[in-house]
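Heads up, the thing below is written out as structure tokens.
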Amino acid sequence: MDPIEEFRAIEEIRQLKSRYFRFVDTKDWEGLATLFCEDAVFDTRGAAGQEEPAEDGPQVSRGRKAIVRYISEGLQHAVSVHHGHGHEVTIDSSKEAHGVIAMEDFVEWQKPFKASLRGYGHYHEVYRIEDGAWQISKSTLTRLRVDTDLPAEAM
Amino acid sequence: MDPIEEFRAIEEIRQLKSRYFRFVDTKDWEGLATLFCEDAVFDTRGAAGQEEPAEDGPQVSRGRKAIVRYISEGLQHAVSVHHGHGHEVTIDSSKEAHGVIAMEDFVEWQKPFKASLRGYGHYHEVYRIEDGAWQISKSTLTRLRVDTDLPAEAM
Amino acid sequence: MDPIEEFRAIEEIRQLKSRYFRFVDTKDWEGLATLFCEDAVFDTRGAAGQEEPAEDGPQVSRGRKAIVRYISEGLQHAVSVHHGHGHEVTIDSSKEAHGVIAMEDFVEWQKPFKASLRGYGHYHEVYRIEDGAWQISKSTLTRLRVDTDLPAEAM
């Protein structure tokens, strides 16, 4: 692959994920939808920091619309801060890439109960060119630790 | 624009902002002055997280000297930590660029009163080539949240 | 130096340090060993935030094996989170580079005593091409602040 194209792809993917964090925290759900492939998968089964994630369940969202619905419903009554650190991007071909990015989030809900969460982990992701732009095609969250007073059934 | 020049500009602006955070926290005020255009504007009216920032006031500094005075006076009796995350840089021409960078700060003052602040937000910035180097020409801070026991009149 | 080679070196060193943080927190000690030159020096005398670091002592590890032993023994009974921010990388030649990266860590030990540490500072580093890849040849940690209930003799 031409190095210029490779560097451009890395930079675009880095900015793609930076927009992800910004759009989530500023609640720009329309913008957020543009960052995911139409058939993207968003898997947060590991988000509670448990050793063996549940087989499936509501924490796996399939498709751009379901992903944006899942994130926006979870955060509609919250002030959220999500930061990404040290994006390791690898370009696999002119249309495919993957990466790992460290993350930290701090979420505080006012409704339906007062609760907060501080989490630390990694997003393991796959990216694809779709409609002429790099988009997230798969995103899987694992955690190093989670500190929260959320009730267990809300995790 | 030549892609090599574009990549170099993005990297230089990324490092420019990294030096900003480092010079602020290590209190290198002479170094900090080199990062701003002579006529730069530094606008922290949104720094307290209020919905509608005040019309103007001491939180808008105009000119390199005023900016360094504002930051250094605010932090002279504090231990501060400022981190930047996910710099989205866009090169507009060979001499102009803009960007957004997520931020978090943790400041603890000993004088004139004991107080601390933890803030989370974004810098919205404009950059320009001046004296042969990329410098910050405008920096506007918005917040997602601020947790502080600072007295209101000190914000 | 050819700009393409320079950009590639910067990107590789950025990812090298991102893997460092990830391998430390996921306790991938075999992976961690691959990131350091065989004769690397890891100096954390400044890690406690003291003004004048001790002359020498156990906080200076010399050689890849000693470094991995020092880090892995210190964290074996801990959950750790280490993040890097704003990597300022300078390429000095086709085989040598240096850089500064801001850091934050959050470590919680269960044994031999319950204790935790939150630290904020900078890694000052030298990099070298060895065995065909960029590796860390010297890493020196300085701190802006440390908040901990660790007993003094454990620092």
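A, B and C label the chains in the order they appear, each numbered from 1.
Criterion: a contact is a pair of C-beta atoms (placed from the backbone, for glycine too) under 8 Å apart; a residue touches a chain by one contact, two chains touch by 3 or more.
Model, not experiment: these values are computed from the prediction.
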{"item": "Copies chain C and chain B - interface residue numbers shared by over half, same or different", "value": "different"}
{"item": "Equivalent-chain rotation between chain B and chain A, CA atoms, steps of 5 degrees", "value": "120"}
{"item": "Centroid spacing, where centroids are CA-atom means, of chain B and chain C in whole angstrom", "value": "27"}
{"item": "Touching two or more other chains - residues of chain C", "value": "4, 7, 85"}
{"item": "Interfacial residue positions of chain B with respect to chain C in the complex", "value": "4, 7-8, 11, 14-15, 17-19, 21-22, 25-26, 79-81, 83-85, 106, 108"}
{"item": "Of chain C, residues touching chain B in the complex", "value": "3-4, 7, 10, 85-89, 100, 102, 104, 120, 122, 144-145"}
